[in-house]
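Chain naming follows the written order as A, B, C and D, and within any one chain the residues start at number 1.
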Amino acid sequence: MKYDLIIRNGALATAQETFRADIGIRGEQIAAIGMELESSGSCQEIDAADCYVLPGAIDVHVHFQLPVSGTVSADDFESGTRAAARGGVTTIIDFANQDPKKGLMAGIKARMKEAQGKVCIDYSLHAVISKWSEQIKQEMEEAIAFGIPTFKMFMTYGSRGLQSDDAALFSALEATNENKGRIMVHAESDGVMNLLIQRHLKKKKELGAYGHVLSRPNFIEREAVQRAITWAGATGGRLYIAHISTGSAAEIVHHARHRGVNVYAETCPHYLLLDEEAFKDKKQGHLYATCPQIKSKEDQERLWKSLIEGDIALVATDTCTFTKKQKDLWKGDFTKIPYGVPGVETLLPSIYTKGTLSGRFDLNYLVSLVSANPAKIMGLYPRKGTLSIGSDADIVIIDPRKSLRIDYKKMETNCDWSPYQGMEMFGFPDITISRGSVIVKDGKFTGKKGRGRFVKRRPGGEIFNPQSAI
Amino acid sequence: MKYDLIIRNGALATAQETFRADIGIRGEQIAAIGMELESSGSCQEIDAADCYVLPGAIDVHVHFQLPVSGTVSADDFESGTRAAARGGVTTIIDFANQDPKKGLMAGIKARMKEAQGKVCIDYSLHAVISKWSEQIKQEMEEAIAFGIPTFKMFMTYGSRGLQSDDAALFSALEATNENKGRIMVHAESDGVMNLLIQRHLKKKKELGAYGHVLSRPNFIEREAVQRAITWAGATGGRLYIAHISTGSAAEIVHHARHRGVNVYAETCPHYLLLDEEAFKDKKQGHLYATCPQIKSKEDQERLWKSLIEGDIALVATDTCTFTKKQKDLWKGDFTKIPYGVPGVETLLPSIYTKGTLSGRFDLNYLVSLVSANPAKIMGLYPRKGTLSIGSDADIVIIDPRKSLRIDYKKMETNCDWSPYQGMEMFGFPDITISRGSVIVKDGKFTGKKGRGRFVKRRPGGEIFNPQSAI
Amino acid sequence: MKYDLIIRNGALATAQETFRADIGIRGEQIAAIGMELESSGSCQEIDAADCYVLPGAIDVHVHFQLPVSGTVSADDFESGTRAAARGGVTTIIDFANQDPKKGLMAGIKARMKEAQGKVCIDYSLHAVISKWSEQIKQEMEEAIAFGIPTFKMFMTYGSRGLQSDDAALFSALEATNENKGRIMVHAESDGVMNLLIQRHLKKKKELGAYGHVLSRPNFIEREAVQRAITWAGATGGRLYIAHISTGSAAEIVHHARHRGVNVYAETCPHYLLLDEEAFKDKKQGHLYATCPQIKSKEDQERLWKSLIEGDIALVATDTCTFTKKQKDLWKGDFTKIPYGVPGVETLLPSIYTKGTLSGRFDLNYLVSLVSANPAKIMGLYPRKGTLSIGSDADIVIIDPRKSLRIDYKKMETNCDWSPYQGMEMFGFPDITISRGSVIVKDGKFTGKKGRGRFVKRRPGGEIFNPQSAI
Amino acid sequence: MKYDLIIRNGALATAQETFRADIGIRGEQIAAIGMELESSGSCQEIDAADCYVLPGAIDVHVHFQLPVSGTVSADDFESGTRAAARGGVTTIIDFANQDPKKGLMAGIKARMKEAQGKVCIDYSLHAVISKWSEQIKQEMEEAIAFGIPTFKMFMTYGSRGLQSDDAALFSALEATNENKGRIMVHAESDGVMNLLIQRHLKKKKELGAYGHVLSRPNFIEREAVQRAITWAGATGGRLYIAHISTGSAAEIVHHARHRGVNVYAETCPHYLLLDEEAFKDKKQGHLYATCPQIKSKEDQERLWKSLIEGDIALVATDTCTFTKKQKDLWKGDFTKIPYGVPGVETLLPSIYTKGTLSGRFDLNYLVSLVSANPAKIMGLYPRKGTLSIGSDADIVIIDPRKSLRIDYKKMETNCDWSPYQGMEMFGFPDITISRGSVIVKDGKFTGKKGRGRFVKRRPGGEIFNPQSAI
């Protein structure tokens, strides 16, 4: 076998083990892993001695160039995926809205047009179901056949025309029992939340951005998570709870899983690294606003615990970038803040630094949280998410001695501030490889715009999948 | 790189993924995994096309040539490990009794002498602590340094001089909090069990072997498991529950793990494939007697569920073979049956057939249950338990089209009966490789007696080990 | 002290104890309980030797002359309370709808006009809140001051204009945290229920009345109960779950109470004596339709268990009587059945027969379930619900040797069928006394129409009320 | 009816309600409760206007003149019951040791001889089973027939020859399934406790009395309670946990009761009013030593909560008085302290003051905790524990305006110190009446030594007793 690229002598880390070996890449795939792989004439080599070699991270929750709140999120598919690559993410999953008239597939194709020609890494999309009808069942099957087996539904955001009611959520979950898709929910309890928002809105001057916190107490998420899980249990459906921000919601997921409900949960770096005190800053507090909002220090600790115990299966970023100028649209009204924070560029370094280096879990477990589990649940495994023969050569090489102090000015994102400004993070890759091509070198993006491809995903994704016995 | 042996074109399955590749072995280790690995002059090749290639199974619970009940278990280290190899097991862990006078290390060395020269595959030992004293703490550390980090204690068997009381168990668990060893318990509640045995003994003629069942209702195991876990929680100690046979004990383990107790549980194939009806056979019933005894159909189902949910971490066999003649020592008294069943030879095929082929879990999950998890918890990973560069080349090759109808006459074990007689099992290996040497070929053992080695194990074994961050 | 009426030698049974004594009544109250109370010239006497003497039962959930489904429930305040008295119920609580324009108090007064002049026993009303606004808080306080501290809200029945959404329920519960009122909910999950109804409606011919069962699986009640309890916990509000029909809802109440949520639950005789098989009767099945519908035999057993363990605090009847002719309005469409069953006349005998005589609980516990607990929770205790000095002389005298075979033709209700037709029940009173007057004699109603009075109730009702320390 | 004594105009409080009435007593029983009961020539009267009139308290756990630790507890049956009466306790239950040779009944009769002629109030005994044998079953039945249906067993105190092992406890619980007796356990986990005692004993100089605390962490009680409950569940036996001192044990009782185990729990005033800080006092700390020892402030709060929620059914004192001189036998060795504190004299005032007056529960709930529930569970109800016609006239009259500052010098007990010294308590009775005789007047004991009687108790005692349906 001749290789096009050999990564020499790295400490390879998968979700299972760490060992020293060379990786031989031919074309876009990993062709061999072994000691002293033989080189040949045209073969490039990278010396990874003293470095970690990991499968690229997968961020299953990003919103690039998303029109919302009268503006558009600041990172488009180009800057967003450039930032991703620079941070060690080699696949992202964004969202495609249901076309109000033409349905899911039309929305997917429209969104793919926005991505194509811009994406620097591979990508996929979740199909957003904003208006359920019996016909959607058929459309779900088309989407699944097309390679999109995950469907986002919102239990809130009625004002944006996105909200699904219980009947819709129930019906969609019921459909996944058969079609093996999965429903991803934004779980916040709409009615009581709006009541509290209206109540606090009257005091908005006094409260500032902290009103955002006060109007979404923990039970807002807990109730919605509980309800979604009830429907999943009742239908035998397949559920995924996006961006869990509270400890008590994670606890509900634990018990649901134990009694056999098919549900996975995701949390985000901002819930793990930050806490609600941030909103008290009169000048900057509103920048941190996202939904669900960042919770208390106590929740933060329980989320880490839930990650370690497996009740939360993975970390994704919910990246939705707005510049300071965009955030200033709030004009002191916490309900008018464009909600969202940057994150894809720091996903891997932040969890590596605060999770692995701080001793919460080892490097292999990190890989499971940001790479293997996302790939498995989203139907990309083992094409993505591991270092295995025949897998896409999506690889990051990290020098464990190097760290960066976060400075938004030096980031690839278009964002002109960072929630982690000044924080020291290890784990930014020296080199990122996407399908065999080096696209980050010495920590700089060197790839080409538009080189990323849409990747088909399979339905039925699970971390443990008794059904998929070969 | 030149290889000594290449396994071509197999479907490699680890605990994480299944993919097609060659394996290149140099000396005793895996040196490369890849497509079209290059051969060289002296290199042997095995064609594994259309076959599964798995890491060898690890049976962490066997009792070879064990003197007990006035006899000695029928499989010695030779026949036992030959049977193991033939069934796809490439490492076993047996037990070394504490020398009543000279302590743990003396017992370990004596037992190693019995094994050396006989074992056909690699092996390790658990050190049995039958009499606790403050000095044992020191001896535990010696044993750990020697490569034996697991210590067996019995909550029953006072009549054999093996029973540890609560103070001993508490003290030992406390010690593991510091030395990172692990206490493996036989958990049955001694006092009430003996009461019930005495009570039923009076009716032994009428009851036959079923008296064994009646005298050990489920709460006997449940109480002991609960108590051991209480001490583990109180001390921060590290616990391993051997041979869990009831669903309710598995449930207790689940809740303990969720509140942070460091505990793992093992179950055995006979609890998963058989049920207590077996004891009602007047002629053969006593053959099935083992401790804890095989429970009800309902427990069987809950044990499978606990395996799938991860509350039980692995399957081991508790192999302790007695011939019919030996079993006949019972003479109708269920307390005099030499307790134990054969199992190591059918470990992998039985769980593959009833777990994977029956659709309960996939092949990768099978590997985690009989290979990766045992290796991790017992401190052998990644030297054993995976297919990885630098790992020992302990490999089994299975032709998924081939099955055997179990017939004790054709087994390698010395046992002259089988609990699975007549059952059809898939998954017996065509080829078993131990540290690079083919020791089973065409399903026949071809290795050499005594070629196995004692393998050092590390303390601190976990499935997920946040503490062991590199 | 001179008495107007002495009940001699009965076996008095309260929620606490059973003992033999005379009861001396002066005017409308109990003036003495003792041995050989002294008679005087004008004093009447009743010989209760060999009889039980209990406090009158209290049915906190009836719907007399309720306009619904295009008809009006068949028992008006006269026949309904006559039936009540005949069955040993001496106080009922009906409902007053919110006047859409003039509010709660206007609705209450209008409903009182319907009752006045007709009621044969004392009565109170729950105020129905069908449209929440901030102003209702003030109206709740008026109602409480007026003597009505309980407020009914519906989580379903949007089509009848009764449904409260989460924000309304949350707000109302929040108000009870301060005003010490209590929110009584009809808990069924509206959205999914309607989806299932629509789905089954298509097959109505084939399903008949059993379609009613199929469209309301147990999770419909469970989800709504869980949600109401979440809001009660979040607000510190005071909740009462009406007509619990499933075991799993009772389980949720148990856990909520254990973690400190202020919630009580009610169940009804039809859930305890009947099961869903009734709906399969093609001719009569639709008669049994009520909401929530009668569930399975298994639920029935769990409801009895929950009653015994105190997770369900009391039994009330949800009496809503429709004649066969009225029921025939369904014309084969299970959604058009006037929902409701008779019950107030058999409340005490049914629970006495199936609860006490069948050995589930003793006579004192029966009194707590149908008399003392209803009085305490509804703010009537100790004026009603006990045999105590100064309490209203609401008393029933039961001859334990006498039984009746239920025959609707011989009942006081206007209903021309009975769900318990042909069933033998003990415990119909020989004599019922309301505020000192004998209104049932030899099992016949002898009282006067219109003699009943509106009784003021106090807020803050609890079974155990640490807050009300004197 | 003529009365011998009328208590006029008091606010009567039972476990159920509070109301104003007179009580008419004839001979030793309550003959009437009513308004303006008629007096007659020889009738005495007591004016109780502005006072509470309660059923006398029942202390089901006292140890008078108990030989232990080389001394004898300082209050004998005379001073002990005088103190009881003065504090409002009208019945006590002490213990009778099993006669090592002649069995339970011999022990009971011997202990009765010690009590007879001395007791100032009515009393009963629990039979202590210290050595189980099959014959004891027969002896239990004799004791039950004699009026003693409760049997004490110790899970510790092997050194005193009192310890029962699991087989004994299991057998005894099994017997209660049939004979309807109840097993009262002292639940501390012996083996680990002794280990910890030995360990801390080495540092006894440094630790002082606080060593007693350190050697009995909360899990000592928790494990034993869990185990006793497991046996009760397995046998269907009837269990009573004496002197629960930790919150987590109360939590275990809650869950056990919810899954149907027949178990009640008791706690004591010293666990509710004091905390472990007391032991840190170098001079006085050892005085507080009792078993189980007083726990933390946090446990204290959880015990109050468990009382309110009904998981702990009653309060008793475990009175075992030792004078300072006796306590000085410890000589600095915390294992040699005569364990025990005084309590019977302050039972009612302490729980009234800290429970009712501090707003934790109302007066009726107080009566249930110290009078009605003890009477019910111990088989004395309704002869004792309530104000009811035909009940013994055991009555206390309390002036709610009066309080005492505790001073051991002014107590009836022989103890020359008090754990509550200087604490202000309300609720000492002005008058205590025992079977119709005033034995405390103006807070002074005026009764006669030896007037108390042994009272027969019935088996089958429960708070709610479905089985005892009349």
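Just so it is clear, contacts are C-beta pairs under 8 Å (C-beta built on N, C-alpha and C of every residue); 3 or more make two chains touch, one makes a residue touch a chain.
Quantities reported herein were computed from a predicted structural model and do not represent experimental measurements.
J.: Which chains lie in contact with each of subunit B and subunit D?
T.: Chains that touch both subunit B and subunit D, as defined above, do not exist here.
J.: With centres defined as the mean of C-alpha atoms, identify the chain lying farthest from subunit B.
T.: C
J.: Return the distance between the CA-based centres of subunit A and subunit D, expressed in whole Å.
T.: From the centre of subunit A to the centre of subunit D is 61 Å.
J.: Please tell me the distance, in whole Å, between the geometric centres of subunit A and subunit B computed from their C-alpha atoms.
T.: Inter-chain centre distance comes to 40 Å.
J.: Residues of subunit B touching 2+ other chains?
T.: Residues: none.
J.: Graph shape for the chains shown, where an edge means the two chains touch. Line, ring, star, complete, or other?
T.: Shape = ring; chains linked end to end, path closes on itself.
J.: Please list, in label order, each pair of chains that touches.
T.: A-B, A-C, B-D, C-D
J.: Over in the complex, which subunit A residues touch subunit B? Could you list them?
T.: Residue positions touching the partner: 1, 11-12, 14-21, 24, 26, 31-38, 254, 257-258, 308-310, 356-357, 359-363, 365, 372, 381-382, 386, 388-391, 464-470.
J.: Under the definition above, what is the set of subunit C residues touching subunit A in their complex?
T.: For this pair, the touching residues of subunit C are 165-167, 170-171, 189-192, 194-195, 217, 219, 222-223, 226-227, 230-231, 233-234.
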